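A single structure is presented below for examination.
Chain naming follows the written order as A, B, C and D, and within any one chain the residues start at number 1.
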Amino acid sequence: MKPICDSDMIINIGPQSPALYGSMKLAIKLNGEIIKSVESVIGYNHRGIEKLAESLTYLQYLPVVNKIDYLSGFMYMEAYCSAVEKLCDINVPERAQYIRVMLMELNRISSHLFYLGVYLSDLGSKAQFYFAFTLRDEILHILQDICGQKIMQNYFVFGGVKHDLDLNALNKICDFCSSFSQKVKELENLIIDNPAFKARTKGLGIITKNKALSYSLTGANLRSAGINLDIRKIKPYLVYDALEFQVPIDDSGDCFSRCLLRIREMIESLKIIRQCSRFLIKSSGEYKNNDVNPLQIHPQSNTVISHVESPRGIISCTIISDGSDKPSRVKWRTPSLYSIQILPELLKNRYYSDITAIVGSLDIVVSEADR
Amino acid sequence: METEYSQFNILNKQTTKCGIEKITVDKCCFKKFISHLKNSAEFEANILYSVMACDTSDCIELNYNLFSEKLNRYLIITVLTDRNNPVCDTVTDLYKSAAFDEREIFDMFGVFFEGHKNLTRLLMPNSSVGNPLLKDYNFQKERSVHYETDL
Amino acid sequence: MSILLKPIDTIYNWARANSLTPLIFAASCCSSEILSLSAYDNNNIICFDNDVTLGNPRNADLLIVAGAITHKNAPVLLRLYEQMPEQKYVIAMGSCACSGGVFRHNSYTVLGGADKIIPVDIYLTGCPPEPRALQKAISKLKDKIMAETISMRTKYLDSHTTDFVLSENQEILNSVNKQREE
Amino acid sequence: MEFYLGKMILSLNLQDYFTFVVLYTAEFLIILFFLLISAFSADYAEKYIFSLLKKKNLSARLNVCNSLKILANSFKLFFKEIIVPDKSVKIAFFLAPAILLISVLFIYSLIPYNTDFCVNKADSGLVSLISLILLFSFGITLGGISSNSNFSILGAMRHCVQLISFSVPMILTFMGVAVLSSSLSFPQIVISQAKYDILSWYIFPSFLGFVVFFIISSAIVNRSPYNFSNAKSELADGYKTEYSGVNLAIINLSEFSLFFIINMISVILFFGGFLSPFGVYVADWFSAGSFYYIILTVEQMFWLFAKTIFLIFFTLLIQTAFPRLKPVNLASFSWKYLIPVSIINILIVCVIKIVFGGFYV
């Protein structure tokens, strides 16, 4: 039997741990309940997606893209499609742009709901988990009606979307918006006004401005530290400059504010969806650039970068082409990779029971970091 | 801008298709150049977005994607390293986010970063052989299974 | 003899089929579908234990492999399988766990299906399969359990050891054994 | 139990010995039956609450068959392979589940189910209850430390923190009840609440005591929001991580039944135990006789179980909606708030006992 006290205890959380939904290892050195040092090991789910691009054509690579992150498939599709569109000078019709924006925002809401549910269930409370997942399922069923798949939607193509949205689907989305605005308030009451949740998360895992910038955090993790950086505002892609929405921002930088910001973001996304659906019901037009033949894409040798604001931060896709029908190199910038890096600093000298509160609040998807 | 940066031995300067400046710097003074960009008022590059490596036929190209949050400016610094003996200076002391990026490039391309504190493989198992993202990586030869003792 | 064993078999199989406790080997997409199954399955299919977690290998008798098996991941999967007490069952969920899926093509990390490491009872394809499909797969597994008899228990256990599977892939077996000796 | 041992030694002639064996076996079986019933019903109640929270239209609501799930699970675990960790302390590893089960069985023997049926009518009921609860905690700690896993050791350590936090306020609340009833034996505590029916329940004079006991009761049984020692998302299964097979079945069974019994004890201490809240029984309509006694027994058991299940419902509702707290939170909360409140409770109870002495028998 080991002696209990005196020496440091090394405890490995993961690679398959009940606390982390994904395979990541945290090797933790404990002294009693206090964490002395943390080392994070990733790569258990490395599937070689970047290398895969070199042996597939531009179109063949498209369905692989959304498997990088299972919670925000649309964002990755958009990043890849817009990079290829820049490469080949394809322009996207306005209606297709609105459809893309609307679906991406729906995806953002579903991803945040997943985050809230899993975070609260990690902390040990289940009512919120069931509530959030029931709501998420409604969104996924709408997406399934539109695209034919629940999670891995291959709906975006170069120069538009695969097929047009019909009025039936739009009505469903409108119905969802009206019911969701009420339910998100309920969810906010369940989470934000919960005294035990406040006790667990307030003042915990504080990320300062400089630390956030130096670790290259993006998305809500950065915005909770008081820096207003949103690609949708500073470098608008698609039709985001024509839409009205705010970027919620907070300056406390703790776990509580990270959770709060994501709930606020859902409300802003709802605004965008409403505007888009209003436009789509009124107008009609091409949903796809018909000049494009996706089977024959032969761009000249060039380098393009596209940025997309995903639920977890900024995704960027860099494509280097060499004149053939296959990309020479595709590089993905995935925000979760940078969130994992900050963990050792946040967890040091904290209690062991703070691990779930801190790791959960950063919204890490390990398969996204591993690629 | 050119007059000011003349001391840094800039090899090439171009604008890419989507309107991003790309500056190629000599290997010896690129770190000085990046720290200059980080501290100068003209370009406060306070975020290192990502570090990307690319295997061209004669050299390994490292792209440092810098971003200035205040000025909303985006810049790519390119460094070329020798393909047979790829060595480069680390930037982890300037940007902490570079630590994982550099480990990944060490893993995938075999570029050795001088001054990096923990330069081990990031994504592949420690016992694996070869650098998979190099163009001449042989699938059949180096695909044999190696298991780590430490899970 | 078989007439005498029949009532025992019925009770034994009923107890095992109706209390399948899962251990989830979560790597990627499919784990989110398992979570959403646990969110609206009213404990009818498997014991999710009300805590929404991946489970504990000592307690589990059903291993759901969800996600691609990579070289870094494979020893973890093998160890989890060996930590589970006998009698255990395995469901390979999703294309990645069945065969390697889209990643198998010319890949330097993805090993292929889960059946290269551990014996698999039920293959469930789809990318990712829906929660209802998982429900169907588990009910198929229940049928399989109900058809077993207690007299064939030892024979069954032999066919569910990893050596049985790995004999095809002697290379992996050797390296794993070497690792165990160290 | 010393009560019985003494009786045994006194009457060692053969004929009596035989009857005693039959009697004790019967009593043991009855207790075991109650233990199983309570474990199943606690599990069923928990599952029912969760099914309320889940999506309604997908599959049918919880049916009776699902309550048999825990039966199937226990039955299955008896046949499963028992894995013993290599470096564990073998004797302690196997002793721990036995200690848990024995301590729970002994607690069950203390409970008065109706006016007559109480296996162990010891005068020192409350004191033995305290020692048995501490024995249960000892079993958990022993099991955690002996199984040689870091998760288990952490779980056991956390349970020790929990033990330090809950035991003092628990004893202080018991003292309030002892003052009110002028007795330590459970049957006496229940009967002393009978005088003015619902008005003379101890919930009114020692309301603060009830609140304190309600809070710490979930800490005693390792349940949310104080489930640090088996926090799934942090420590896998905590102290029982390495247990499998029949050992695990015994641990689960004793945990569930302790959860039930703790609520039953708070019913006995504060809600008049098996007494009807209105002071009238259906059995009163019948003339005295064996039939009267049967009806009365059933009715009193009904009230005991009904009150307990009502209380369990509230406990579970709180458990679903609140995240888990930290071990540090419980310790500081206990020493800063619960102990002062329970001391104030004793003072209030003493004043009430002096002023309204005749109100309680």
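Points to keep in mind about this one:
Here is the rule we go by: a residue touches a chain if its C-beta (ideal position, glycine included) is under 8 Å from a C-beta of that chain, and two chains touch if they have at least 3 such contacts.
Everything numeric here is computed off the predicted structure, so don't read it as measured data.
Of all chains in the assembly, those touching chain A and also chain B are C.
In this assembly, the chain whose C-alpha centre lies farthest from chain B is D. By number of C-beta pairs in contact, A-D leads over the other of B-C and A-D. Centroid to centroid, with C-alpha atoms defining each point, chain B and chain D lie 63 Å apart. Centroid to centroid, with C-alpha atoms defining each point, chain B and chain C lie 42 Å apart. Between the Cα centres of chain A and chain D there is a gap of 46 Å.
In terms of their C-alpha centroids, the spacing between chain C and chain D amounts to 37 Å.
Looking at chain B, residues 123-125, 132, 151 sit in touch with two or more other chains. Residues of chain D in contact with two or more other chains: 50, 54-55, 232-233, 236. Residues of chain A in contact with two or more other chains: 15, 17-19, 43, 46, 48, 51, 121, 126, 130, 134, 137. By the definition given earlier, chain contacts exist for A-B, A-C, A-D, B-C, C-D. Chain contact summary for the complex, chain B toward chain C: residues 123-125, 128, 132, 137, 139, 142-149, 151. Per the touch definition, chain C reaches chain B in the complex via residues 71-72, 74-76, 79, 106, 108-109, 111, 171-172, 175-176, 179, 182.
Those residues of chain C whose C-beta lies close enough to touch chain D in the complex are 11-12, 14-16, 18-19, 21, 39-44, 47, 49-51, 53, 56, 58-59, 61, 83, 85-87.
Within the complex formed with chain C, the residues of chain D that make contact are 46-47, 50-51, 54-55, 58-62, 66, 68-69, 71-73, 75-76, 79-83, 232-233, 236-237, 241-245, 248. Across the complex, chain A meets chain B through its residues 12, 15, 25, 42-43, 46, 48, 50-51, 54, 86-87, 213-216, 227, 229, 234-235, 302-306, 314, 316, 318, 320, 328-329, 331, 333, 337-338, 340-341, 370-371.
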